[in-house]
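Look at the two complexes coming up: subunit A is in both, with subunit B in one and subunit C in the other.
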Partner chain A sequence: MISIDQGRSFKATLKTWARATRFESLHWVIIGLILMVFALGSIGSERFATLANIFNVQDQLVVLAIIALAQTLVILSGGIDLSFAGMLGLLCVFFAGFNAQDTQTLALAIAATLALGAFLGGINGVITAYVGVHPFIVTLGTSTVLTGLALLHSNQPSGSVALFFEDVVYARIAGVPCGFIFVICLYALTAFMLWRSNFGIRLYAIGNNEVAAQISGVPVKQTKVLVYAVSGLLAALAAIYMVGRFGVGDPRAGVGFDLRSITPVIVGGTLLAGGFGGVLGTALAVILLSLLANALNLMNVSSFYQWIVEGLIIICAVSVLVGRSKK
Partner chain B sequence: MKALLNNSFLDLLRTQTVAGRQLRELLLLTVFLVLIWGVTALLSPRFLSLDNLSDILVQAAPLGFVVLGQMLVIVVRGLDLSVASIMATAAVLSIGANDSIVSIVILALGVGFVVGAVNGYLVAYRGVTPFLATLATMIVLQGIRFAYTKGAPGGSLPETFRWLATGDIAGIPVSLIILAVVAVAIYWLLMRSKFGYQIRLFGDNPQSAYMSGVPVRKIQMIVFVISGVLAALAGLFLVGYVGIVDNWTGQGYALDSIAAAVIGGASLRGGKGSVAGVLLATLILVSLFNIVVILGLSVEFQLVIKGTLIILAAAVYLSKSRD
Partner chain C sequence: MSKAILAARKLSKSFGTNQVLSDIEFEVHPGAAVALCGENGAGKSTLIKLMTGLYQPSSGHIEFCSEKVNWRTPSEGIDAGVAVVHQEFSTMSALSVAENIFIEALPRTRWGLIDRKKLRVQTVNLLDSLEIQLDPDQIVAQLSVAQSQMVEIAKALRTSAKVLILDEPSAVLSQLETQHLFKIINALRLKGLAIVYVSHRLDEIFEICTDIAVIKDGVVTSAGPIADYDQQKIIAAMVGRELGDMFPPKASIERLSEVVLELQQLRNNSFDQAVDLSLYRGEILGIAGLVGSGRTELAQSIYGARAATGRVLLEGRELGKRTPSKCLSAGIAMLTEGRKTDGLFAQSSVAHNYISSTISKGASDFNIATDLAAQRSATVVAQFNVVVDDLGLPISHLSGGNQQKILLGRLLENQPKVLILDEPTRGVDVGAKAEIYRHLRALANSGLAILVISSELIEIVGLCDRVCVMRDGAIAAQLQADEISEDNIMSVAAADDSEQQPLDIEVQCVNVKSISSTQAPI
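Right, the complex of A and B next:
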């Protein structure tokens, strides 16, 4: 379906790269905005443009980046996943509930949490694909159920995790947080998967036109179940990271992430209708939003005004992108 | 049609017409409501006391207002995520700025009107997906509200206000009377007026509605404005019921109202909605909360039941719409 350009010229190489990452002119706009925020932050606060602060931002964006990646995949397939609030809460208390103190229990806990995440996501997918309920309703329902279960399990933060695991999560390589490096690898892997794998190609096909995909022999239902399962798997990764950061499993850890995960996807240029966009836009948007929040924080702008800014960014983004949604 | 002419209830119940289907859905909801009320009454006799039942109805009123607006939006293939934010913002801004009840009501409904108009403008004239437009206004309103109150809302509730939300006339709660008036108005608007015909046509098939000369942008705009105004009204009633103004007034109402609309038979694919159905669904959701408290279960059970119910209801309607 997609072939690699064999041209030797620089321009051809650039084209190949652009195709692989689904780079588009919109991304220049986001990069420009990032530079603007950077300039604004440097003027507004002298602490902003320091290396230590940049590493801090990298630390802070890990969870949002993982969840936004999951949301990108689901939205590309034409669905939506609003179950992260309940999912993260339940997975956090589940993982911390193992009280893993040695490597063996820790490995077991990680494996079990990942499996549970994929399983719960898979349930979303099965109800969406095979019963045919709108994903908005399905994931809203499962989120409510999972929040209830997480709170029934423990009403306040509970459980623990081995100290050496926290050290791994907090570790830095030459100043760069390990979590950030992990996220970059995750994004690269996903981008490659979207570019080269059957799964990735099918995802775009379904998002573009489900009926056409079905007729062309794409296993629509199985692919949908798979994408929700992957979304659950990524949520489990985020939950494990959160427990590593906090040292405890908070049943309310996911509050707000259901809607917060959508902002970077939309600002990054992925269409809510599905089939168009990619992970590079989401990555840039996550960086933009995190840098902006950090700059506003350092400039002592209260979080109340940050909400206004976030809402206006969404309105601007969708108003700019509106021409593309009228395909 | 023959059944309709004979006007026989049982015949109508069996027909495959829209009216017959809606009647079956209503019956299903009523049976479910009676079932959960019956089981609870067996487990705890206190449940069926007049005090408790009227308490459930009064609690259901604010959600009822929101659900009616939400249903209209869903009929035109939209979604209004901003209703909860409108409830709190309208209440906080109007009560913080005024003492007299008339100006409070005017200011609150004005806030609802403006926000609804912004939603409608973004959706109808800018082509923004309703989900994103209302998500954005929800976040912006949240910021405006907190920036205005600096985190701690002020102002005091006039006494008449408390009476409107909790008092009664000849034993019938005032809020229920107002809800009934609004429900009848919405029913007339949706099922009996030209406007209602247009929005149902638009929900069924936007393109054919446009081709038939339906002012598609105008009707989308009006529907969002109605939803905003009703949400503001609900905010006032909720604040009056609770007795204090809070920045998070109405938290959860956005998703609850969507859930109630879907359980009540509105389809997210548009074109379908029933006033009686969504009001029954509202009553079911509020009853569940009351039941969990009365039976002494932990409150979290409510979440588990509610989520399961939402998915089940949607699945049931789907399987029925297929045959």
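Right, the complex of A and C next:
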């Protein structure tokens, strides 16, 4: 009797986990592709399948992972955030501008950068939600403004950060980069929040059907402001990490991240229109894309080909999604 | 007599210069069910939105429990105890049944996190008390229309509501599901809930309501206990004139000799059953059946909008690989079930909507005269008696009945031989319905073959010359002449040939996939 109950509850638990993480059958395809890339990489290069290289990949995917996480949240809410190019640039020079050499200044710099990120994101949200401008336009505009501001501040990499902070960023625990561990925690926390917090459910609700959400009493506008603010906050985290890696604040650090942030979200199966999807898909897609880039690099394939491959992956991913939903 | 729980006092609302409601007096008492009637555009929905806090009145006020209230947001109304089931579905298809029902009232743990276990228990309890059989964890996108409607009702009733407002809740429900809904409503009313029931179906009003209020052009024209009314009196109050017979006389069966459209072993991708059917020149053929019985799928597979095998012959010639545009030029035109989702270009003007399937008519491909569009649509506006101020206005400004007339006119511009009409009078007021019926009969008499799918049995019985009843994707019976009656249709449509339970919505609607499959991914 007890064993039967346990059997059923194990199955139920599994089902709940799948629902909580928004696991879909599509994710098996991504996992399959990851394995495929892994196999091809191992054949193509001796260095690929080494532990050192895997840790390298983990190091390299940190920024993309954080930015893609931010984009996932915004897209789930039915919006889009194209402000990362300017946002990252400005936040980098801002953080590096503190020239933090002691813990106290560093703490202040981190707090101020996070606050600025959240504030700038919040502005995106306010204009989107309260003025009613399409987020595509708003965030494209703020990105341009912020890029200009960052370049005005310094048109070349400037500022610095304490060496001990760089050490923390470069630190590894049993070979695994701290940045990667941090990213995993961040994804787990976000997934938990999407499943167990009001904010998470509101996000899905307004991305799915804004009018219905409003009728149901969801504070649509506040939620929108919050999601863009969170997106800005995550951008600030990425900026702090980047400064820690490079040792300086590069006003051009964000170039390309506006569009690159969208790729993993779409490949991971999140609906561009909002409402459907989750962070697990994005995580898998980030791993796939990073492994692929790394494998091609090690096989001495020109980065121009990498662009072609990445573009094809986006198109294939979306085609699969379309085909799936027509069934 | 008990005091009114919810009342409108001298309530007026205008949008800009447009006075929608003026000096409305309306009240509902605990344990009573008030029918709110009126043609489309009469102001029923506006009144409901005012009474729930979605709109604010221009003058006058709302009274709740004999106190003047001024709700600024829907949640204030909900918190006070006014529950609404909106006409437009307000379910969120990406969320689960439980999340939909309890959104913004989700149970929390003491850490402020959502208590998923408690949520499930609460949902199960609520659904059980309403005798609704649904899985709390199921995503709403996977439910049928009727099931999502049940979610909607459960959601409205999750709070300890004192007033329940239902805005055309039965519009998408089959007869059996409607009966189930009525059982729920009656039980709630007897418990002391006040009910406001908006519906176009007059027979329902007599079945379930205790009082009635009729609105015409933003004014309450008639109100009182339902016992003082009959159908004719309600219609008269709604349209402001006596309506003769709703339905024009039928065609005689003997006249039906020439087959226009023939289906041979047509089998679509949703059902295993094949359909054989002949449609004659000059007839109106009705397709009846429960929601999910395959009516819409059949229409779509004829029109090439759904993958299907089998043959379709138009005037004896087989139509090869069918697509909507090929069918249209061959002479088959279809009016879709969802006017808003796949019928109208809601933001485009009335004129552009009208010419959208025959854009190049009377013009060269590279030069579409604006005047011509206006001229052409002006003719149809006159012909169908469409009420419209300006043909350049977005068609979304028109009432449902007027929109439907424009769409019908648009189909006729293609000079069809066969008209397929899926729910031609859904969300259309009584006056416009009668007009549409008259036009359809005239078209049939002029030689068109018309296929009408409808959930309204009165419409099927009153309008159609022959009736096919569908069940599980197949035609279960063909009725003609005197055999056509509501009883005969229902006994076939809801026949128990399996373990089907009459009130088990899940079993009946298991085949409805159209809602989830029309979701575009990007």
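Note that the second predicted complex is superposed on the first by the 313 of 327 C-alpha atoms of A that agree within 3 Å, B and C clash if a C-alpha of one lies under 4 Å from a C-alpha of the other, contacts with A are read in each partner's own complex, and residues count from 1 in each chain.
The rule we apply is simple: a contact is a pair of C-beta atoms (placed from the backbone, for glycine too) under 8 Å apart; a residue touches a chain by one contact, two chains touch by 3 or more.
Remember, predicted model here, so these are calculated numbers, not experimental data.
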_Which superposed partner A:L152 touches (first subunit B, second subunit C, both, neither)_ = first
*Taking the superposition as given, does A:L259 touch the first partner, subunit B, the second, subunit C, both, or neither?*
first
_Most subunit A residues touched (candidates subunit B, subunit C)_ = B
*For A:L272, is the partner it touches subunit B (first), subunit C (second), both, or none of the two (neither)?*
both
*Answer with first, second, both or neither: which of subunit B and subunit C does A:G217 touch in the superposed model?*
second
*If you stack the two complexes on chain A, which partner ends up touching A:V168: first (subunit B), second (subunit C), both, or neither?*
neither
*asked:* Contacts for A:I314 in the overlay, against subunit B (first) and subunit C (second): which applies, first, second, both or neither?
replied: first
*Just subunit B (first), just subunit C (second), both, or neither: which does A:M36 touch?*
neither
*asked:* Identify the residues of subunit A that lie in both the subunit B contact region and the subunit C contact region.
replied: 272-273, 318, 322, 325-326
*asked:* Can you tell me which positions in subunit A touch subunit C when the two form their complex?
replied: 15-16, 19, 195-198, 201-202, 204-205, 207-209, 211-218, 271-273, 275-276, 318, 321-322, 324-327
_Contact footprint of subunit A on subunit C as seen in their complex_ = 54, 73-75, 78, 84, 86, 88-96, 99, 103-104, 106, 112-114, 116, 137, 155, 517, 519-522
_Interface residues, subunit B side, partner subunit A - complex_ = 79, 81, 122, 126-129, 131-133, 135-144, 146-147, 150-151, 255, 258-259, 262, 268-269, 298, 300-311, 314-315, 318
_subunit A to subunit B touching residues, read off their complex_ = 80, 86, 127, 131-134, 136-138, 140-149, 151-152, 155, 259, 262, 266, 272-273, 302-312, 314-315, 318-319, 322, 325-326
